Structures are given as structure tokens and as C-alpha cells.
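Two complexes are shown next, each including chain A; its partner changes from chain B in the first to chain C in the second.
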Partner chain A sequence: MAGRALGRPGGNAPYWFLAPLFAFTGLFLVLPLGFSVYLAFTRWNPLGEPRWVGTRQFEYLLTRDDTFWATLSNTFVFAGALVVIGVPLALGLAFVFSRARGKAAWRAIYYLPQITSFVAIAYIWQFVLDDRYGLANRLLGLLGFRGFDWLTDPTMAMVSIVMVMVWYDVGKNMVVFSAAIENVSKDLYEAAELDGASAWIQFSRITVPIIRPAVVFVTVTSFISGMGFFALILAMTGGGPRGATEVTALYLYEMAFQDLRMGRASAGALILFAIIAVLTVLQFRLLRERKA
Partner chain B sequence: MTAAPDLGLSVAADARAATGAPGPRRRTGPKVGAAVKYVLLTLGALLMVLPFADMFVGALRGPADVFATPPRYFPADPQWGVYGRVFDELPMGRWILNSVLVTTTITLVQLVTSAMAGWALARYEFPGRANVFRLVVGAQMFPFFLLIIPIFFLLRYAPLAGGNDLMGQGGSGLLGTYAALVLPFAVTWYGVFLMRQFFTTIPEELLEAARLDGASEWLIFRRIALPLVKPALATLAVFAFVYHWNEFIWTMTITRTAPELQTLPVGIFLLENTFNDLDQKSLQQAALAVSVLPVLILFALAQRFFVSASVETGVK
Partner chain C sequence: MSRLATTALALVLPVAALADGHAAPLTMAMHYNQDQAAPLLECLADYEAETGQAVEYQQVSYGEYLQTVLTGRIGGTQPDIYHLYSIWGAQMADNGVLAEPPAALADFIRAEYGTTADAATIDGTLYGVPTEVSVYMLVSNMALLRDAGYDAPPATWDELREIAEAITTRNDQGRVETAGFAFAESSSGAGVVHPFYALLASRGMDVYADGFAEANLDSPEAVAAARDLATLVDDGITEKSVDAYDAFPAGGAGMMVMANWYKSAIEDGLGSLDDVVVSPIPAGDDWKTLQYAFFMGVDSDSPNGDAAWEAVRWLNSADSADDSGVSCMGRMLSSIGALTANASDNAAMGEADAFTQPFLDALADGRTVSQPNVMQAAEIEGMMADAIDSVIAGDADAEAAMGDLDRAVEDVLFEFY
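Moving on to the complex of A and B:
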């Protein structure tokens, strides 16, 4: 589509229409990216002048900064869990949803978190997951369970963060999947039913293979955004307890705006970006090839 | 939602399937028992709604409920006055004003820049078009965490702003101004992409007729093309409004030392310590409820545009 000739020359007109895009892309994308690359090779506390240190920041982060590696591992756990738990859940939900009545109402309910700020979501869940008297542990108590230290136990804190993030995203992913499912020909299901195929067989043998592009898309974008995400974590646990939910993007944000190490944080951001870029390409390759 | 009506439907559908007769419409998959289906959806819906309900219930608790042993979940005497206290004890009016101001400005600016660029990419032949399109798609890949440090300092060293000299030294630049909250978001490459997709669907004959009448390119864009893509504009507007109403990392970074510029989520977040006392929790929950309300209303009024925004992102 991109390359197909659709329009007419129009003289200078297209460039005038594009002028704001060029101006703001230059100022707020190209220039910052260049500045960021420069900063990554400096040591800079913004009270003074940046000092060129070559690749020392990269060397420090990769060879001596154990925290950096720990946050990378947390980042992988977080983004990986989002995909492994979130995508199948949204897919199953979309399948059930696409066969239910009252779509608008269901969709509205599942979409609610999407319109809420991460500050509100973080606090709402802090209340729900609060010690003995939060809603979650009260409900578990009613069922006779002891409940969990949702946010104070290091392992459970990561579980809680992933759970909340899956809760946040499931409605959006469900909408994307169900839009794809709507396009699957009804005849296929009719034929499958004639052959006595169960709902599970229809789901796994018809729906999923046909909407595969949507599945690949949601998987890859969930993973990418998960790798760079920290808003909810900042507001909900601040990376704690004892660094258990400290992801790399949050670590770098604190490195920059609390410790004022702009050079090192820029170098870290470039490393994280490179990792994400490589993994994105790999994921697209792998997920596409399995089809062939 | 009992099992009985479903049983009827399933039998009817099975009969249709067995006889090969096409069903008039297929709402239910006979093999997914409708009961199971709706039980699943209802359980999920409860999980979605309960945390919000918990917030509304919590806002109404008074000290008597909080300090009871054990603390009461449902307030014995709901404190509706908390919603008044939110406005008395917190700079709520200021936060709402800032949120409305910043969010509306960003949304309008994004509509203009996206529509203009999308239009150029969709309807004109010009050297470099393919590269501009690549830029629009490629620019969406750069994550925010990569840009936050450099953009912060580019604003700080903006020449001739906020007491800065021509070299950007001496003052605070654009930090501490509304411009710092709006300018970095003036362009959304996703929005350009979205608008381009919609503009390509306009029939060329409509535009050709206007050209023959001697209309300028701007007039054609403004008077003919824009009115035809209103649904796309609405989709983008809703998407931008919700995103920036809720945005908080950037706004917090810029306004940490400028309380007069803080928006609802940032204000509530940075006042965290005020809410540490147990009997202040209800105040916090009420403030959160107030912050959620405007988008909730927008959502109720324009649900279909929310959905199309998600779907458009997913289908590209």
C-alpha cells in the first residue's frame, strides 16, 4: 500500500502539509536521539558540564553493575509473563466473547481499566491487595484460605504486578482478537460442527490459525511495551520490596532523575533499546516461520 | 442466564447443522454451553469491576470503620462528605483545570498535525514520499524511556525561554511551563498513520471535481476531505484524550517542582505522603474516584471510538 501511487503531484502542497510533522519529529525525536547517543559516552551530573568518557558507561553497566543485570532479569520475567499469561487469556476470552450476546456491555466492562490512569490503578490495587484487611485477602479468608503478602513478599510482589498488568491489558487485547475473529468465515464453523468438532477443536484448529497475524501482532507488541514499561511499577511498588519488581526502565529513570547520572542512564537506555530491537526482529522471524 | 434457554438454542442449532439448513444467524456456538460461557464472562467481569467498587466503598469509610477491631469493610455510616473534603483539602480544582487544559491542547494539536501529514501521505505524489512513510512507521518504535532524558534537557536549554540566553544558558528554559507538557506530544506518528489509512479511502472523483472548480489544495483538505473522515478524527481524539488525561511519568518529571502545573494523576501521586495516615485513605480513594470520573463519562458516551482506536492499532 505504502508505495502505490494514489494521488497527484500538487506542487509544494504536500510539503506544507508535512511541515508540522517534520518540525516536531526533528525537535522531539531526531534531536533527542542524537543527544541521547552523545550523552551515553559522557559522565554528566547536570549541575556541571558533560565529560567525555568513551565507552566507560557501557562497560560499567555490563560488567560491574549487578543491579543492572538484576533489573534486566526482572524485566524479562515481567514482559515474558505478560505474554505467556496475558495473550492466551485474552484469546480465550475473545473466543467466548465473540459467541456471546450483549457484546457492547461485556466489552465496556472489560475495557474499564484501559481508561484509568496507572496512578489510580496502582492505588486501587494497593487497597485491594492490602495486608489482612484488603479485599483480596478478605475474600480468600471467606473461602478459608490464609491469604498472601501480595506486595510485601518479593516473589508475590512480581506476581501481583504481572496480575494487575494482565488485568489492565486483557480488555484491549480481547477487542483486537475479537475484531479478527469476526472476520473468520462462519461457514468454517458450520462445517466443523457438522463433523462434530468441539468448541475447543474449533478454537484451536480454526480460530487461532486464521487470526494468527493478530496473535503475532499482539504477542510482539505486548512484549515490546512490557520490556520498556514502568509507570505502574513506579506507582505501585516503587520497584520494591528489596528490588524484586525493579525493572530496567524504572532503574534507569531513577538513575537519571534521582541520582542525576544522565550519562550512565542514557547508556543503559541504549542497551535496553538494543535488546528490545533484537528480540523484536527475532520474534517476528520465529513466529512467522512457524507458519510455513 | 440459566441453562434452559441455551439448551433450546443448542438443539435448534444442532438440528440446523444436522439437516444442513443454514441458520438465520449464529449467535451461539452450540458446543460451548451458553451457561459455561456466561459464567466465565461474568466471573471475569466481576474481577474487572471489583477493584473499582472497592475504591468507591473505601472512599465512604470513616475513622470509626477504619479504627474498629477488626476494621469494617462496609462503612457503618457512609461518609458522603468525603467528596466535598476532596475539594476543600486538596488542590483538586487546580489539578482538574490543568488536566483539562493540557489534555485538550494536546488532543487538538495532534488532530491538526496528524490530519495534515496523513493527508499529504495519502493523496499526493512527491519525491521522498516512501521515506516519509517509513519515518512515520519507524518513529513509533522508539520507546519513551529512551527519549525522556534528552527531551528534558532540550527543554531546559531552549534558547531565549524562561530566562535563557541565545545559547540556552542562565535560566530554566521551558521547564515549569505548560509548553513543556504539550510540545513533546505535538506529533503522534500513530495518529499520522491512522489518518493516512482513512484518507486513502476517499474517492478521487470528489477531490477532482473540486480541483476543476479551482479550489486550493488547502480548501480541498479543509472543506472536503476533513468532514469525510470525522469518524477517524473522533477515534484519534478519544485515543489521545484518554492517553494524555492519564499520562503521568512525563508530567511528573516536569512538574515535580512546579505544583501549579500538576495534573490529577500527578497531584494525587506526589501527595502520597499526605495519605499515609489510615484515616486519610478514604480521602485518597475519593480523589481517585473523582479523577476517574471524566474519562468514565467520555467512555460511556463514545465507546465505539475507544474500540476502533484499539482495533486500528491491532490491524496494521
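Moving on to the complex of A and C:
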């Protein structure tokens, strides 16, 4: 008894303290996830009973549903652009503002979109990017240009969505980078300056290698959130024009809640989950190898 | 003991209330807001005073109606009385959600509502009382037509193209400023799909064949209808980015194919309807158009089914008529500028205004075809919108796009028929 008490002070108390967390996780994570996995092998609209169909939903999505593949392609473009454009931009801004006056104010300004509703953001940008009356094209018109079909041309619509998403996300990533940059010893920069290192050399040879964990974190989380994101797209373009901005998560949302195909949508979600998981592991390994 | 007492009290109280002569309140879920539903709410108060049966009104937004109903059903909190867009009906009926009305009420519906009873009919079974009816017609801003040198709206598609081209102006950037014709932009795709239905019906072709087992979307008629819409953009007569919902009330569009329910928005935007003319779909003498409807139905699991049907009957029949002779539902629909297909109500209301009368005439003259109550209708119409949009944008040839669409739609139909 004495040995047991020594091995686990407080008896079962830790488990009692953890019990609410376990219950919450079970109720809101494990249970829905398990149900979703089950649904992926059924045909179910919530009006009736689920009917077991084995792997047919996966077969349909992977072999017959061209739209599913098109949305996956859109998803990779969206998530990829978010990482390729958004992460370096946030890093650059964080570095610049770390040396600027009023850096706290700049960071707050860039963080503002994060505390704004997606719907409000979508409406504002719709007004700015409207083909005929939008501010962007009006300004381009003053300069003698025709302007772009920002939200009605398939290519430009994706460009617009990425642009707005980068604008939305850059502040959050910048804050993470800023925190990491603040922890880099000032001595290193002073020594580099004494050796005549330019700001770019200091950034690329000192800052980036030291804050690599933050870069890995932001890259991976940006990619994951980009792969599963759709709220802004739903509010801004609804996936249009002609499916050009229809990402997989949005397609699955519509499949589940508009077309009432819960089984197929669950199967699609599992496929998307598997893709994200594999790519995330690959990203971690690649970035770790580079570190080594 | 105290918990037991509370439980017992909770069980006993409703029974006591019923024993006291108060029937359990019914719940009715509709998408109209409180202002729109005001006449109906008054009627529900009258109904309770008259019969002792309370009916609670639940407003559910149109965009979330189906999801709310589904969630409610899973949780056992579904309403007793639904107010459904007809194309949702097939899935609800297929899953046993909807109850069939009593025989006497079914007879009443068939006698009063003519072809609009089809909107509430799925696989030959009637599931409710049609309420709000929407019909698509050509709506023209005559001021713009006259400025372009035309005194009357077009009667054929070629005339529409000619007039639209004459009206269209572009700004310095080459973008359409005033559109001769504009498509309505809606998330469901109805802005192109519903005019497509009208053009297809005018060519004498049904969307589906063989009891919904096959689609006619690759037929020459369907390809031609899609091409009619597409060439308006392809030939530079209009741009898809001009949204009729915004442009027409703002005086920036000459013509659109639109349903009657947009009347108040047009009136608000233009200031009056004096110079707005509603005319047949410009498809020649054999023109047809699309009608769709909402209908009132009762949940098959409702413990108060009989009372719910009685309330539905009362609201839509002469029993709820006031001095004007119009039923309660008819008065509410009239107050928001919506149409009813209830023959008695239409007779009692007499001649409508110049804007509304052509829509009613189309219904009365048998020019309308009902939106098909097919399984997965919303999904299929989304597919149709994507295909027609791609033709309009010039991304795909009409024949190839409609052929692909036909195959995709028949894939969906194969699951159910």
C-alpha cells in the first residue's frame, strides 16, 4: 500500500481532475469522429436510417467524381499559395517591424483582420473587387486600365481569394514570428553589424536559422488550415465562378448540408484528412532533415 | 424524494392542462419574417380563440430551413406543420417525413389549386396544400426600351437579342454600364436554371423522362435553350457579372426573366412600377414558363396530426376568410405581393395590378410547368447551373457541356429511380 501511495501520490485524484477533459474529448471529438468514420461506409441523409454500402462512397469519389478531383486541385493551389506567399510575407514583416518604431502598433494593425468576422471581410472585399463598381477597378480606371474581373474570372477569383486570405492571415503569423525574433539575442546582430553584415545577411544567416522552429510551426499550421479552410470562400465567392474557388472542404460542406449526402461527405472528409496527415508528416520530416 | 416529485409534476402538468380543455399547441415553421407573417399571426390568434387550438409560429430562415428541420427531427423537436419549397418534398416524402392529408382535404386541394397541386405531389401522392406560387416572366424596363427605340417588349428570342443589344451601353473601361438583358445571380443557380427551364418548356421538352429515370438535358431542345442563354454573353450583348437582382431595380438593366416575388424590390428601386411591363417568355406563340411553389405539410411523426391538418385546412380555406372572401393564407400572400393558386382566393381578390396580372394569367392559361419534384433536385439544379454557366462563359461548347451534364444527372437519378 505504501509503495502504491508513493508511486501515485493522491490516489485516483489526477484521474478525477482529468475526467471532465476526457468526457469533453469523448463527447465532442471521439464520438463525432467515430460516427463520421462509420458514416463514410454508409449512404445516409439525416431524414432516414444510414444504409451500409461498404467502400462505395470512396470508390465514387476517387473514380467517378471529377468535381472532387477538381476541388482537390483547387485546395492544393489555395493552401500552397497561402504557404508560399503568406509565410515569407509574414516573416518579412515581422523582421521589418522588429526594427521599426511603434512596432506594437504595426503588429496590432496587421492583426486587426483576425478579430473581424469572415462575413464582414467577405462583403468588404466584394465591394472593393466588384468588376464594375469596385474600388480596385475604379482606381485602375483612373490610371487608364480596364481593370480585372476579380471575382468573375476563374483564375482571378482564385488570385483574389488567396490575396484576401493572405491579408487575413499575415497578422497572426507575423505575431508568432515576432515573438520568435524578439528572443534572438541582440548580441548576435551587434556582432554581425561590426563585421559589416547587411540587413539581408542578418535576416537570412541569423534570424531565419534561429527561429526555424517557428518557421516550421507556421508553415505546417498554415498548410493545414489552408487545406481545410472554406468559410471566407463560402462567403466571398460561394466556390464560383464555375467552381474555380471550390475547395474540397467547401464541396464536402455543400455535399453534406445542401445535398444531404452525409455518407459521401464523410468519406470525402476522411480522404482529405488522410492527405493532410501524410503531407504534414512529410513536411515535418523535410524540415527536420534540412535542420540536420 | 424531491427529484421524484418534480418528475411526477412534470409528467402530470401537461396532462392536467389537456384535461383542462387546452389542446397541446401546434408548431408551424415558416420562412417568412414577423412583418411578412403579421396577417397570418393574427389569424392564428383568431384560430385559437375560435377553436381553443394554439398554433405557435416558428420563423426559420429559408437558407437554413432544411437543415433546421433535419436537426429538429433528429432531436425530436420538429414542428407539426412544415412550409416547404416543393423541390425539398421528394426527399422528405421518400424518407417518410411527410404525412398524407385526409381524403376530404385532398379533394379540396385538387379542386382549388389546379395544376399547382403538382407542386405538392410526389410520385402521384399529394402531401400538402400549395401556398406561395412563383412564376417566371419577362420583366422589362420600358423607359430603357423606349430610349433604344422600342415601344413593346420582345415576343421572340431574336427580338430580345436585338432590343438588348440596342439598350446595352459600356463605360470607358469597356464594361457594361446599362445591360439590355441581365441574368440574376443566385447561390442556388436559379438565375440561369429557371430561365433555362422556361426556354426548354417553350420548346416542348420536359427535363426528365421515363418517371425520372432519364434526363433530356442532351436533347437538341436543351442544347438550343442553353445556347440561347449563352450567346447573349458570347455575342457581347450582356455580361454575366451584371446581376439582375441589383441592376434592374437600379435602372441598369432593360430586361430580365424573373419571378413575381421580386415586385417589391423593383418598385422600391425604380420608385414605381408604372414603366415596368411583364410579358410572356419571348419564345414565340408556344411559350411556356416555370412555376414553383411552397406547400404546407404535416410531419408524419406529429402526435397532433389531425389537429395540424385541420389548422392547415382552416388557414387555406374559406373558413378563415374575412369580409373580402379571401382566406387567411391568401391575405398574407397578397400582403407581401406573392401569388396564390387558390382559385377561390383569386376570384375573391379580383383583377390584380398590371404587374401581377400577367403572372396570374400564365397560371390560369396553363402556360406554366411545375418545377419537377425529383430526388436530389437542389443538387441536380446546382449541376445544371454549373454546366450552363460554363457554356455562357464560353468555357465549353453547349452540346458537349449538356451531354456531360445529362450523364452526371442520370448518375444521380440512377440512385433513386
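By definition in this document, the second predicted complex is superposed on the first by the 281 of 292 C-alpha atoms of A that agree within 3 Å, B and C clash if a C-alpha of one lies under 4 Å from a C-alpha of the other, contacts with A are read in each partner's own complex, and residues count from 1 in each chain.
Basically, contacts are C-beta pairs under 8 Å (C-beta built on N, C-alpha and C of every residue); 3 or more make two chains touch, one makes a residue touch a chain.
If you're wondering where the values come from, they're calculated on a predicted model, not measured in any experiment.
> First (chain B), second (chain C), both or neither: which does A:63 touch?
neither
> Touch check for A:131: first (chain B), second (chain C), both, or neither?
second
> A:257 in the overlay: touching chain B, chain C, both, or neither? Say first, second, both or neither.
both
> For A:112, using the defined touch cut-off, is the partner it touches chain B, chain C, both, or neither? Pick first, second, both or neither.
The first partner, chain B, only.
> Return first, second, both or neither, reflecting whether A:46 touches chain B, chain C, both chains, or no partner chain.
A:46 contacts both chain B and chain C.
> With both structures fitted on chain A, tell me whether chain B or chain C touches more of chain A's residues.
Looking at chain A, the partner in contact with more of its residues is B.
> Scan A:265 for contacts with chain B and chain C and give back first, second, both or neither.
First partner only.
> Enumerate the residues of chain A that count as touching chain B in its complex and touching chain C in the other.
In the superposed arrangement, which is not itself an observed complex, chain A uses residues 46, 132, 257 for both chain B and chain C.
> Note which residues of chain B are touching chain A in the complex, please.
13-14, 17-18, 20, 22-23, 26-32, 37-38, 40-41, 44-45, 47-52, 54-55, 58, 70-71, 73, 112-113, 116-117, 119-126, 129-130, 132-136, 139, 141-151, 153-154, 156, 183-184, 186-187, 189, 192, 200, 204, 217-218, 221, 242, 245-249, 253, 264-266, 268-269, 281, 284-285, 288, 291-292, 295-296, 298-300, 303, 306-307, 310-311, 313-315
> If we count contacts the way the header does, which residues on chain A are in touch with chain C in the complex?
Checking each residue of chain A against chain C gives 45-48, 64, 131-132, 137, 141, 145-147, 149, 152, 154, 238, 240-243, 254, 257-261.
> Enumerate the contact residues on chain A facing chain B in the complex.
1-3, 5-11, 13-18, 20-21, 24-25, 27-29, 31-33, 35-36, 39, 46, 93, 96-97, 99-101, 104, 106-120, 123-125, 127-128, 132-133, 135, 138, 167, 170-172, 175-176, 179-180, 186, 189-190, 193-194, 197-199, 202, 214, 217-218, 224, 227-228, 230-231, 234-235, 249, 252-253, 256-257, 262, 265-266, 269-270, 272-273, 276-277, 280
> Okay, in this complex, where on chain C does chain A touch?
Residue positions touching the partner: 66-67, 70-71, 73-74, 91-92, 94-97, 171-177, 187, 239-242, 376, 378-379, 382, 386, 389-390, 393, 395, 411.
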